[in-house]
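Chain IDs A, B, C and D follow the sequence of writing; residue 1 opens each chain.
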Amino acid sequence: MFADTYSTSIKVNADFTVSFELPKLSFMFPQNYPYVGEWETVSIGLNKKFIWKASTNNYYITKDLIKNVLRIRGKFDHKGTYGHGLIVGGSYGKMGAVILAAQACLRSGAGLVSVHIPKCGYEILQTSLPEVMISIDSSQEYFSFLPKNLGIYTAIAVGPGIDTKKQTQKALLSLIKSVKNPLIIDADGINILANNKDQLKHLPENSVLTPHPKEFERLVGKTKNDFDRNNLQVAFAKKHKIFLILKTAHTAIACPDGTCYFNSTGNPGMATAGSGDVLTGILCGLLTQGYTPLETSVLGVYLHGLAGDIAANADAEQSLIASDIIEHLGEAFKEIED
Amino acid sequence: MFADTYSTSIKVNADFTVSFELPKLSFMFPQNYPYVGEWETVSIGLNKKFIWKASTNNYYITKDLIKNVLRIRGKFDHKGTYGHGLIVGGSYGKMGAVILAAQACLRSGAGLVSVHIPKCGYEILQTSLPEVMISIDSSQEYFSFLPKNLGIYTAIAVGPGIDTKKQTQKALLSLIKSVKNPLIIDADGINILANNKDQLKHLPENSVLTPHPKEFERLVGKTKNDFDRNNLQVAFAKKHKIFLILKTAHTAIACPDGTCYFNSTGNPGMATAGSGDVLTGILCGLLTQGYTPLETSVLGVYLHGLAGDIAANADAEQSLIASDIIEHLGEAFKEIED
Amino acid sequence: MFADTYSTSIKVNADFTVSFELPKLSFMFPQNYPYVGEWETVSIGLNKKFIWKASTNNYYITKDLIKNVLRIRGKFDHKGTYGHGLIVGGSYGKMGAVILAAQACLRSGAGLVSVHIPKCGYEILQTSLPEVMISIDSSQEYFSFLPKNLGIYTAIAVGPGIDTKKQTQKALLSLIKSVKNPLIIDADGINILANNKDQLKHLPENSVLTPHPKEFERLVGKTKNDFDRNNLQVAFAKKHKIFLILKTAHTAIACPDGTCYFNSTGNPGMATAGSGDVLTGILCGLLTQGYTPLETSVLGVYLHGLAGDIAANADAEQSLIASDIIEHLGEAFKEIED
Amino acid sequence: MFADTYSTSIKVNADFTVSFELPKLSFMFPQNYPYVGEWETVSIGLNKKFIWKASTNNYYITKDLIKNVLRIRGKFDHKGTYGHGLIVGGSYGKMGAVILAAQACLRSGAGLVSVHIPKCGYEILQTSLPEVMISIDSSQEYFSFLPKNLGIYTAIAVGPGIDTKKQTQKALLSLIKSVKNPLIIDADGINILANNKDQLKHLPENSVLTPHPKEFERLVGKTKNDFDRNNLQVAFAKKHKIFLILKTAHTAIACPDGTCYFNSTGNPGMATAGSGDVLTGILCGLLTQGYTPLETSVLGVYLHGLAGDIAANADAEQSLIASDIIEHLGEAFKEIED
């Protein structure tokens, strides 16, 4: 098997693969799993600086890297230091997505968190999350108008549970034009963009999009294989000057500068309803407190996977649900600091 | 006492009974408890394969058997791998049954879970279970119409808390005709079938029904003793090509092929409100992620009892409530894997 | 100080008092606390049987006594074995009392639990307690009519949060006439009886009333001192053939036969909102599963105090809230069994 | 750097500073953090009594001091002993603030807790806090009228989530004139006072106000530096005969007698939404059970920080949310007693 290109010719089924110093790009892709199996890296004495400065544009997110990204809080920091995040989400029958995202946003360290929701979510949100404030939409059942005072929010995430109704599409497209700072966009937010590709040019620079493979396909197009998909992902991120996060086992973060980061945490127990909403909330929480979009993407994806690993370890992959990931975020932060 | 037939003639009260290699059928029945007491099996060196292939149609569900049924998740599995389950349930004053079933469904490993509920349950469900999506019935207070887009659901369970109103009966009978895949049917779902026995022929093959003894009696008829009841149970399962699970201390699973599996886990602390709804949810969760109806029945019944045993051990049988069973499902999965 | 009568003449302030074999009656009363302080009993070799058969009508509830009362569950017991309890309670702004009582009822081992509540409590109860079913009153805001099918309930408790509105008074008085089995009556249920003393004759025999000192005073009348109060309590219980439980530090249970039991568990951290509602729920749970009213009173009061002691030990008396008592009921059952 | 006055002339950046016996005033202020860093006191053998009686008006709140303030519960104490607290708060979209304050009030030891809230909060509060009773406002969305029977409440806190609508301003100003006992006032309660400074004369003596720095500025005015701000704080507290608590890293309590207490507990993880609402609830809980306003302020601020420290230690500062502080109040009480 070639390390960095796709080949259908010669393959060997493997249970375990050893790589020198760093994993190969091919290890990152689902299609190669039968030929790679589980893997491990072995140090052959290369200087660490050399490795990271190698001509590759692909990085593997390790705990060492994350330790450098994570900031320690200052003694006299106050609520204002950590910003005010907003989650725009929810529609009739899908309000839970906002609960998960908002709770994850709070637990990731945002100073204040508000949600913009349709009226049918008012009591649901206030009962579930006493720490969260509400901006109410004029619609009973879906996102239909811009939140007031958009300027008070340090960072905004949009998408969890919003559905793709016409008025919601209009509201979302109006939102991306009204905001200058990077946005976090997920789920039906991405599907709406896929339906309105001519509007992609209005996306604020350095916005972070987090499609799963099907949403990716709708947004970017069909691809022949995983190598091809990765190439397209990077090209799309460069072209639109965004961070494009493709959620798979080794979640890949394509950056506006053409680099790509692959995640090392997470487990298949996280293939459960609402897991993506939790990631959206974490990303919003990090961006809100002042991490750059690159730091937000790399740290957020790593934290999400690590909290999921801790959760799966505490119980079992089969019974892991999205709320468990949120519940173990504190331990994940702690494990990085140790 | 005869091992496999009922006799009223000769009995001895016993506190403890010893059996060779495998428990006797008679140990499984409530009526024999005074004559059997607690029991234990002793190995006399029979070859294990021989035991399982013996001419009996009765099996005892052991951890060894379950270990072979349980599947390990693959690294690149995603939410789609684990399907989309639907719980149809609830009516005014009995919405909790759906909460318990849906939560158990999620915690058993379904990828996505939706509930189809009357309008009076909307806020209750969204507040209680953020991971679950809602399909809303046109009725305010009960199940009255088929959910839309039935085709998107991998598996469907119906019954918890639905009551037996006329329109609900109509909707349930329409549901069993509209679905090709096996259904899970519990509680008032079974009572409705008992009221409409001519409709049993429309049950999708390999459906799983989970009556407690009273519901069983309504569905199958009165029986003279526990041996007789077991014979009727097996005959009914064969005739209607369904899995018929009779919930007692040693819950019995009668299969379409005439075999019968007896469960080895569980405790009388599980004789508590909602315990059956949790079993329904577990079965739906397993069927949703691709277990066969036989695997679903055997693994589901075992998991339910094991989680209940862990819960009773953590606190006490007297104070065990249904939510505790759900909470300990993760540990039950883990204990099987160990 | 005299052991069993009240005297104002000779007293000594004490920090610690020693008694032989059994505590003295005077130790049980608040007014004597400054003269008794903490106390401890010392065995002087009296035969245990002799002690319990002594001519006194006063008993001290010890763990030994409780161990004999507590029943172990049978292997083939089912939900029906443990009955169906009903809590009648709640009014606008006081729905929490029903939540606490119903949850305690479930956690004490009732097979099924329903609540009869005004409409304003519907979503609150269904969201808080999925295991509990609802019987809805025709009034929006208070208890105004008898629940339907009263006959399906094994035991009924009435009082938590019902307020004393005219129509509620009428409904409660109608309830005590409609029921033959013993009732549990607490809080405003007692206040309503105090306002309608001529109706006390309709109380089902062996009903259990659980006033705190102020409710006691309204029901039974003012008393000069704690000895006097205890005498009146016993006389009232005898006259009306009820169990009259006066809630203080050493809660006293006066029985229809003129005996009185004093509790040995509990702590001042339990002097918190809803603590009495939890006791009502426990008593209803025990009566529902078949304990006699005497066993219910003695075991219920002991369990309530023990769960409170475990809770106060886990955190601190100051921060103990009523829900904590419920949460630790399982450990209390377990501690008695050990 | 001078210990007790502000000087811009000579400074040295420090990572760690050592002080003799007691910390210096300058250590308490954010502006000096770069020049002080972390610090520690070293005993040089001064007599403890001497230290506390030194001519300074500034005190540092240590565990020793707090141990003397904390009261142990008496065996025969009952619910009435611990009073009935009222939290006036909440408005449409900000009901969570009342939940947090009321829960903290209960967990701090109040005997009974009620909330006065607009109608839009009814189900939210009853679902979230079964132990809490409700006084309902005639307005759907905000605080607009005085609660009935104000006389039944032992202590009242007002402010969390009330917003500053005209009618709310009127209601709050009417409240401060109707109450003789000290009030706890926070958040928009303070902002309303800042908008109506001529009404400050109506504040009940010994009321406790808890502004964060921005609310402080609105109420007291802009200040040149932290020393200046502290001087103004003390002067304001003296003039208006109130306890003025300025929430920063070393929260400062300025007393009516011109003294000032600086807190020693807390961490930057507490810079999170709702943290202030929790403090309001704790203060109300302590005042309700009979602590003096000085004891309430000193013990409340210390407990709040200590519970936050325990919470941050259990998980991580970044993921700490306000509910965690409440959850760890019991351990905080316990740590003080040890």
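Heads up, the rule we're going with is that a residue touches a chain if its C-beta (ideal position, glycine included) is under 8 Å from a C-beta of that chain, and two chains touch if they have at least 3 such contacts.
Note that this is a predicted model, so its numbers are computed, not measured.
By the document's definition of touch, subunit B and subunit C have no common neighbour. Both copies, subunit A and subunit D, contribute mostly unmatched positions to the interface they share, with under half of the numbers common to the two.
Most remote chain with respect to subunit D, judged by CA-atom centres, is B. The distance from the centre of subunit B to the centre of subunit D, with each centre set as the mean of the Cα atoms, comes to 53 Å.
With each centre defined as the average position of its C-alpha atoms, the distance from subunit C to subunit D rounds to 38 Å. Counting partner chains per residue, subunit B has residues 123, 127 touching two or more of them. Chain contacts here close into one cycle, and each chain has exactly two touching partners.
Residues of subunit D that touch subunit C in their complex: 73-82, 106-113, 122-123, 126-127, 129-136, 329-331, 333-334, 337.
For subunit D in complex with subunit A, the touching residues are 30, 33, 38, 92-97, 99-100, 120-121, 123-124, 127-128, 212-214, 248-249, 267-269, 271-275, 314-323.
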